[in-house]
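After this come two complexes, each holding chain A, first together with chain B and then together with chain C.
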Partner chain A sequence: MAPIGVDEWVARSGDRRERHGGWRGGFARVDERLGWWPRLLLVGVAAFVYGEFIANGNINFAQTGFNVVLYALLALGLNIVVGWAGLLDLGYIAFFGAGAYVYAMFSSHAFGNLAAGTGGVILPAVASIPIAVVGVAVLGLLIGLVALRLSGDYLAIVTLFVGQAFAEAVNSVAPSTLGGANGLFGLNNFQVGNAMIGSTIGYYWFAVIALLVLMALLHLLDTSRTGRAWRAVRDDPLAAEAMSIPVNRVKVMAFTFGAAVAALAGTVFAAQQSSVFSTNFSANTLILIYACLVLGGAGSISGAVLGGVVVTVAQQLLTSPLDSAYLFYGVLIIALVARVRPWRHLAAVVAGIIAFGLATRAIVGAISARAVAGSPGSAGWFAHALKHFVIVPSGSPLTYGNVLYIVAIVMLVVVVQLKGVRRLIAVVPTVYIGMCCWEARLTLDPGITAQIMIGAILIVTMAARPQGLLGSRRVEVV
Partner chain B sequence: MQIFIQTLVSGLVVGCLYALIALGYTMVYGVLKLLNFAHGDLYMVGAFVGYYVMRWFGGPSALVIPAPLLVVLMMLIAGLGVGALGMGIERFAYRPLRNAPRIAPLITALGISFILEDSVLLLFGGYPRDYSASDYLPFSGSIHIDGVNIWSVQIIVVAVSVVMMFGLRELVNRTLFGKSMRAVASDREAAEMLGINVNRTIALTFFIGSAMAGVAGVMSGLAFGQITNVIGFLAGLKAFTAAVVGGIGSIPGAMIGGLVIGLCESFSSSYISSQYSDLIVFALLIATMLLRPQGVFGRPPLQKV
Partner chain C sequence: MAPLLELERVSLAFGGLRALHELDLHVNEHEIVSVIGPNGAGKSTVFNVVTGIYQPAGDIRFDGERLIGRSPHAITRLGLARTFQSLRLFLNMTVRENVTAATYGWTHATPLESMLRLPRARREAREVEARAQEVLGFFGQRLQGYRFDQPAYSLSYANRRRLEIARAMATGARMLLLDEPAAGMNPNETHEITELIGRLRDERGYTILVIEHDMHVVEGISDRVVALDHGEKLTEGTFHEVANHPQVIEAYLGRNPEALQK
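So, the complex of A and B:
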């Protein structure tokens, strides 16, 4: 553990006191003792095992693996700006997009005749990747210079505008070079001499190596003078300035570094997709990257990577009716186990849910047989198991699911506000209604459900655990 | 001349709507120092509420009540509903984070904005809805000036906006609530020590700001016709620009800023190019930021140590 000051030591005394016993405590102690480099090795081993697993396997698994690593890369870059320097950069997506577009322009016929597919400047990857990274880093430097004049919220809105302006600009400016709404396509693969990366698995390996190298570099940066300066500026810019830290330079540096990492991710993304479209770089993607970072823990390298893994895998799971059921009920069970203590309360709540569900269904079924005649939206054995538990009307009308959705949100809010026994009692119908809503409505529109999930990740993480899964709690020194 | 007047009128209409949204931004920023990213989406929700009120009373073609009453009801229900929604969001999402680091409520606001947008998509689908206001508020009732038709809806938008803005000004300057709101805005802790109910003041501020956004949503539906679940993002962004140009935290600033942005957008799209009107608004924002960061009416903030 890094040496810490007395203030911080005192402020953490509460943490030490409330340390868990049992297996959780044991896990936390092992986790604490594990050094940073062994952790990096663990990530490498996990990536290697997965790479071997997808080597002869399903192309979907390869694509998922690539997406995971890509979002981990993006979250790492965002972590520099948001997690370390504390600048809320909502134009991060523009740097990702710019990297992809610069690579695309030097790997297609963008500078020649786009329609005929001839001419243009086509560079090998060893040249175009550095051009993209450096060029976008300079762009980040310029935007950072403007941002210097802005504090906190103003920065957020100006960068949000930058992100929006980027998408609009590539869509409408110079369609003969940037391709307009059609985007640029038919991009060349990464190629060095005769060696060419030609498959998703190849890009997976490339991205994994980039990720590991970047994690190591960023760790060195984090523990360096610059890393400490970033955190000082984040926690208190005024005090940092008083300690003779060049606040402005440090902020611009964070912007530039973040932009460079995003650009690198952009080049890999463009080459793997072999095309770029302005819609790839929308606000939705930005929020997705934020969800990765916030969930994993802003300010922590391993947190950013973990967030990338969790969010991307969850998104992938939602696309299949069976996997999404595993995800939903898995999260439900984890939430209940983690929040309802001790065990006899948990047992009572679970028994209550089962009893409440069966009773409600029996009553509704007695009133109208059609109201319970529908089949759940989940697939596989979930559908069989839940057929006689949840209430889904025949044909599963949207209005029913929509009403349940609103009711479920209201009840969730109520549960959060209640305390003690009342909360335990209110949890029972909330979980049941949530299950009905999931089976009757949310599984029918997995795309929208995924978006709602990302928004929920942001809100729930901020309310329940602002430091994220792996981040360390901010110490407020008064 | 004809084009000029037409542009002026449409600029005024758009500007009034931006001003109404910007007022909510600026009030919330004033009392909480929070940039409420979800504010633009409240405007969108208001537009949807108004649409369903209209459908409930017989849709555009078979109205069961007179059209003026319908318009009043649409605005009233959307205002109250969206106001309550905004108050709920403050109560359940922002209030627990009031003492958290600055970045936490901002990220929560992003999440709320995302959830509102996608919940509307889930509940009502992604296809555009049409208010078809010309069916029940016909063009025949329009005023002619120099060969330009000014549609009754445009007059309604401007009139309602002006009434609401003046109402708000009186509320803030003349009433006890306005006084406590100003007190909370200038120093929350001191206001609390003086016995002002800070939570209630903030909740009411959210209610008023969100209600104005909701009414603006209904009026945008009446004036422009089509609404979708994504209209809130860009409108919110521009309204925020208006708030910044006028000086964030300043109520007259938000009104003037809204009008400036609206006119700017309207004139640049009819005289320069509609493609670049967004970029021109953006350039205006950057210029304000660089030349006069506190905005036209704002005062430079004092930094407390």
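So, the complex of A and C:
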């Protein structure tokens, strides 16, 4: 209860600060005080430092950097439609794809003889990028006009079809021009005058500059009448209409702007990859873009960018056995440290896990030597450290791993339901089985594991901070 | 002098239900007119047809312009803004943003101008900010200071009602339609809102059409009272004329049992 005479909001935010002492409170305070332009500077400095770091480094780091910025761009565009205007657009991927394909058509032999690799319309980037962005913006406008009649779930379903239709269309319509399932390849690089961007690092810098400029422009737009109109329409379309905001026009504008940003990202993507395939624009990519936005905080520009960083880096780490082990055990340790308090409980739980693990393995080893003969799936020193701790049968049979996976999930559900000491006790076998499952099964299929892990990260973040990392709290109806 | 708002033979039916039937109503400039009537009498429907949410038969004119067929945002731009009975603030926006969002109708900077902060966008941003200060300032201490940057959902119920009025003022309207401004308020707040509505007319020159159930408020503010029931006008006149009109009493309390026996 707030003391009498204290405004409820002030009282509640006071509460928040008291509750979240330590690093969480500190983070919240810094986040609150940091102005918007210093944030942009921070992003710029971070991008610059990383750019210098990859200048002489290995190509994978450059590719990761580029992907981070690409997803940040895509999340920024999606943020206009979903975060600001509140339109659940599941066809967003079509705009990304359309941008990439339009660029590809004007930078390859698409209009000439594709098989022979001759002819066609090849334009410089200064012409093809604007054509792609404006053309796709018009497409966004048309789809927006159709979508006006729909809202909420209906809009989501219809736009989902649009996204799927795009991939089908480029596969089967005009294969002589769009390349069908073989895609378009051998695209020209960005060329401005005599300067040509010919490397991933070059595209990284191009994308970083695009991102920073776009962040600044979108921030200015967000604080203008258009940005306010979008958010008003999201909160209450009827009231917005009654307050002199032309709701339909404003919604179509959001679609158009979102499509234009996605198209820009598409052109950079196509040029960097030097090819486009319809499979690049699948629902998987769409889900990743949504993950960036939701994780970072829908409605927040810096949130969208941070989401892009977290999701892309996590995905990249999960493709390497050693890095994914760092990520898995890192998240495990952070979760334990953050959730198990005070430290005496934490020490007991950790000791419990070690004791339980060693004991279980000794018992299973005594019954059957083959049951513990396999080696952990993690690479590097993790494998050595865990060799005599986790239970991995020789040859890592899939059934064992699958059963373990289901058991781990069931135990996790049980842990969440329990309270107090029982929960602490239940955590011990759950963590151990989770570790065994990771080593015996999850590391074998990094592609699927990456998605499971990103899903897990999303669930944990949403439980702790429903508004996303940098989003602000929202209410639906009070 | 021609009335500012004029409804002529306005009818609206939902299927077989007659929500409004041949309703005539007018509001003169600088006048405060109250609409009363039992639940379901069609009071809010009057607001909805005037603001363009429903398209009725008949004729509605505001300052000589026909309103029927125009969309709600276009009607608001003509100078006619409303509040909602069930509060409809932009809850996740700040108090300031709720008010500044309502200036969309009289600002014209395109997105490009806003993104590049071209002269027109900058000038309009200053005007919008000044309007927000002025409109929120009208409510005195209630909506002042640190509350400007709070989200609207954090406001108390009475402050939400005040913010709705402030938002309607920010559209640049000449006439306000207030839908039960005193609903859910305690006696002190009700008294305050009565004064406030008077000040809106006296200090700011607004013309006001108000729906209200609280008879103290109606008595306190109205130049004229219009009583509705079943979508038709029962009577109109001063508060005392209307309040003592037999049909009005019957609509609120039911028929006199003695009269039934006759």
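For the reader, a short list of remarks on this structure follows.
By our rule, the second predicted complex is superposed on the first by the 441 of 478 C-alpha atoms of A that agree within 3 Å, B and C clash if a C-alpha of one lies under 4 Å from a C-alpha of the other, contacts with A are read in each partner's own complex, and residues count from 1 in each chain.
Here is the rule we use: a residue touches a chain if its C-beta (ideal position, glycine included) is under 8 Å from a C-beta of that chain, and two chains touch if they have at least 3 such contacts.
Only a predicted model underlies this, so the values are computations on that prediction, with no experimental measurement involved.
Once chain A of one complex is fitted onto chain A of the other, the partner contacts of A:M215 are absent, as it touches neither chain B nor chain C.
Judged by the touch definition given at the top, the superposed model places A:L238 against both chain B and chain C. Touch criterion met: A:A165 reaches chain B, while chain C stays clear of it.
Here chain B and chain C are compared by how many residues of chain A each touches, and B touches more.
Once the two complexes are laid over each other on the shared chain, residue contacts for A:A94 go to neither chain B nor chain C. In the superposition on chain A, A:I457 contacts chain B only, with no contact to chain C.
Contacts of A:L318 after superposition on the shared chain: neither chain B nor chain C is touched. Judged by the touch definition given at the top, the superposed model places A:V372 against neither chain B nor chain C. The contact surfaces that chain B and chain C form on chain A in the two complexes overlap at residues 238, 474. Touching chain A in their complex are the following residues of chain C: 51, 53, 71-73, 76-77, 81-82, 84, 88-93, 97, 100-107, 109, 111, 114-117, 121, 124-125, 128, 146-147, 150-151, 153-156, 167-168, 171.
By the touch rule above, chain A contacts chain C in their complex via residues 7-10, 12, 217-218, 220-221, 224-229, 231-232, 234-236, 238-247, 253, 257, 472-475, 477-478. Residue ranges of chain A in contact with chain B, taken from their complex: 82, 86, 88, 146, 149-150, 152-154, 156-158, 160-161, 164-165, 168-169, 172, 238, 283, 287, 290, 294, 298, 402, 405-406, 409, 413, 416-417, 441-442, 445, 448-449, 451-452, 454-459, 462-463, 466, 474. By the touch criterion given at the top, residues 29, 33, 35, 88, 92-93, 96-97, 100-108, 110-115, 117-119, 121-123, 233-234, 237, 240-241, 244, 275, 278-279, 282, 285-286, 289-290, 293, 303, 305 of chain B touch chain A in their complex.
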